[in-house]
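For clarity, chains are labelled A, B, C and D in written order, and residue numbers in each chain start from 1.
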């Protein structure tokens, strides 16, 4: 319908991400837009408030590169491997310089949901007898108007920019995902601006053939960036696997500030984008991440009704 | 995984719906289980609290048959045709005998959502300056704990029984729907007991081939009833069309109590179930409701990961 | 072609009052981007607009559809034809929470049983709420649409019973007691909606003036000011530059009669 | 086969302490219907249980998966293998709101950095919150799992640094200050969860007694009570009928070594 929103990653980040913005690159283990994170590093954005349930390696890299002033999160680790060492360096001891704003997973999800739904708060049954409300005054008790007790509330989170990665979208930004959905829908609806990065640009007819598969409509999308392998070392259901080797390799690199800087130089600053990154990874590495076989969903019939 | 929950409609209603229960037969225009409603009439349940966003013809028929004592709803009409005449007869003038508990659509959806999420209330931005909170004291103002104003809240709705109709489920009750989703997921999760009525019973492998299509997991389902045409005169995306002629024909029938009783006798009491109903409708009528063509969704690949 | 259609717009107008009303309502949608489609007359008006003045407009149905392209005019606002070929289908929770309450709807298009001069709407009861003379359908999504859609369009036939000095029940707020109060309350309570901006009837087109009251800006061909006043429960504001509504075009009539409503369900 | 695996369960036990811990944890899941799988050690314990004592158990991953059947053990709890062939994939909103908070989870299986005698858990910081000695991952879903899952299982290695008299931060509530207070608060505030019921370590199996404190019920082969006391910040309750944990079976060890963790990520 609307005009094409297809843009290069460089232009999308240059236009839509400003110094000081609250930026959410969302995707729970699945579909993490490392490509967007690297471009933000490359364009040397500063003072960003980075929101993500699981900061993961991408925010560890972004924090190491100095783009962030504050982190809003719920789980700060390298799953199955250990800690996020660059972030630990600026959050431990007397030198802690990165501001932390901490929730639980459901609290973060509820914050995005409240943001998407334009609600002043979202109630949830968490945080009872936990120290989290003590250290985060934005987690507040609220009494039920039906006299049946008190629960906790979290405030809406409305990022200036949300970036999500997806299997496919059309040029207007109508976006479809299968596999883990995380909180991308809520994070996108909650945001002022949305960048969708896709493995594949498809015709509008592909989207309209299966409207139940659409998670974000183009009307909330500002730019569509076509970036195959854009989620590596995260993964894309049906396309490529999680690169667990990379997650393990990052641990020793990130423990050493010099090694971290060298990695950023080699894999981010010195490359002009994701195509170069994929080429540098090499065909053999990419091939090793292909699924071991296909697992087709089957088709359903919506029926023609004239 | 679990044992089969497949049951006849007669047994499912006999076992799971009791006099005095709060019953929600949900489905917004799409997938309305007329088959379950008729079986409830046939088994002469009494004093039910009937919850439904749009009572539609099925609750008009159930109210006419005397099963209900109270209605919880948000829109009481025959869409595009007129009123629900049997319900109007017991809600207008001095003889009004049916209790009404009235919300807006979003209020009903929010009630089911609060029920599904085990929340004591759900906030929403509706009802400002409307007379609805005045006539329904369960719609209550609630102040944001962040000092940014007041919104309204509705209480959770937790039906004793929710009935939904779907294109397909497996024997354990894992249920998939495409087309309009209404509030069925929320109404099912909110309920103490759930009956799923399907056009087609499928192997577990069909469900597991496309897990993103599942709206209700078997773990919340108590009975799976296989009842082709069970939604007529409502419709099933991809299977059969809405029988608009029936919706129009109901208007004059329902205006006349004697004609209504005769219809209930002929189409409900005197038939032993949905198969007989479909046979009585006749092949020509059924054929006229088939989609004019097919509109396949296409398949996606989840990938095999070993 | 129009033989036998009652309530023609004028002696030889060649179209009915209902057709004029639907055409006028559709034209008001020119330039709108996202429209939330209500049940009944809004449904045909919006679908006509999509085929004429607003081909790019996204149709949102409360049943949970965004970007619908109905191949036929559905009788109900829930129908398989609004799903097939749509951009997105969502749960109603997401539709109301993220799309409507989230502020993505430019125009909410509603019908009404009663309306007052400030565009406040009753679709609940005629008479007393607990012992009503007539029990109407109720809010449906109208109450939250009136509050959260950026602006509200209304389409309804004019009559002394429906355009009243005092509505029996305020289902969906309009300009409350006038523009000043309405603006203050909307601002204080953080409503996204600015309120009603157009009421299209079978006699004319009303917009809202700076006091928040309806003002008659266009009079349909064949309608008279006397007729307008006789079907109104208050003394109307009439625009100093009151103009005649341009008659329906051949193409508009063809779309209504041949494509959208061949059985005349809406246009009788 | 076990050559080179450090930390064996005994001189010639033929299995490591970690293997014993994982096996013991898996066995505790016998008869459980729906288990919410936490990151790390819970992940391998639950996947072992699914292949042994609890084949019918439904695995729920907070990433939004119900009825997962992972063909391999994922390193992370989000992985394409937990999706392919699963019963249902949902948004995380629905997973946390409808499945967890809605009361469908029988067992929430968590890891921890620090735990006290009442099963209160710290996964947030070692030291002061604002100037921590060690910044840990934080809650993830643990806080709401601890409150809403019907019961909580914990798996973690014992050490004087982790089994402490006072945890530095209470991320996820256990039995608070004891059974009486915990039961009162849970009842008054309407928690669905009854709290922690099992803690499996590399030395033994703890359940909770009527005071709400951990009680050592099983001691793993090769472990001693002295070792238990030396890795604990308080004087433990020990069951009068303390029994040895049955050693891992060949099949359990084969599943861990050949299928679940061939690289020894969890069992080193």
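Please note the rule applied: a contact is a pair of C-beta atoms (placed from the backbone, for glycine too) under 8 Å apart; a residue touches a chain by one contact, two chains touch by 3 or more.
Since this is a predicted model, take the numbers as computed values, not measurements.
A.B. asks: So which chains count as neighbours of both chain B and chain C?
C.D. replies: A
A.B. asks: Find the chain most remote from chain D, comparing centres computed as mean CA coordinates.
C.D. replies: Farthest chain from chain D, going by C-alpha centroids: C.
A.B. asks: From the C-alpha centre of chain A to that of chain B, how far is it in Å?
C.D. replies: So the centroids are 37 Å from each other.
A.B. asks: Just give me the whole-number Å value for how far the CA centre of chain A lies from that of chain C.
C.D. replies: Distance between chain centres: 41 Å.
A.B. asks: What whole-Å value do you get for the distance between chain A and chain D if each is reduced to the mean of its CA atoms?
C.D. replies: 28
A.B. asks: Quick check: what residues of chain C touch more than one other chain, meaning two or more?
C.D. replies: Residues 65, 79-80, 83-85, 89, 97, 101, 148, 190, 192 of chain C each touch two or more of the other chains.
A.B. asks: For chain A, write out the residues touching at least two other chains, lowest number first.
C.D. replies: Residue numbers touching two or more other chains: 113, 118-120, 124-125, 148-149, 178-179, 181, 185-186, 209, 212, 237-238, 241, 291, 295, 302-306.
A.B. asks: Kindly provide every pair of chains that touch.
C.D. replies: A-B, A-C, A-D, B-C, B-D
A.B. asks: Can you name the residues of chain D that touch chain A in the complex?
C.D. replies: That would be residues 39-40, 43, 62-65, 74-80, 83-85, 89-93, 96-97, 100-101, 124, 129-144, 147-148, 169-173, 176, 185, 188-192, 265 of chain D.
A.B. asks: Quick one: which bits of chain B touch chain A in the complex? Just the residue numbers, please.
C.D. replies: Chain B reaches chain A through residues 118-125, 138, 140-142, 144-146, 148-149, 151, 153, 155, 167, 178-179, 181, 206, 209-210, 212-213, 237-239, 241, 291-306.
A.B. asks: Write out the stretch or stretches of chain C touching chain A in their complex.
C.D. replies: 33-34, 56, 58, 65-67, 69, 71-72, 79-81, 83-89, 94, 97-98, 101-104, 148, 190, 192
A.B. asks: In their shared complex, at which residues does chain B touch chain C?
C.D. replies: 28-30, 53-54, 73-77, 79-81, 83, 87-88, 91-94, 96, 102-107, 109-110, 113, 124-132, 135, 148-150, 178-183, 185-186, 235, 237-238, 241-242, 244, 247, 291, 295
A.B. asks: Would you tell me which residues of chain B are touching chain D in their complex?
C.D. replies: Of all residues in chain B, those touching chain D are 1-2, 113, 116-120, 174, 185-186, 189, 207-209, 211-212, 214, 217-220, 302-306.
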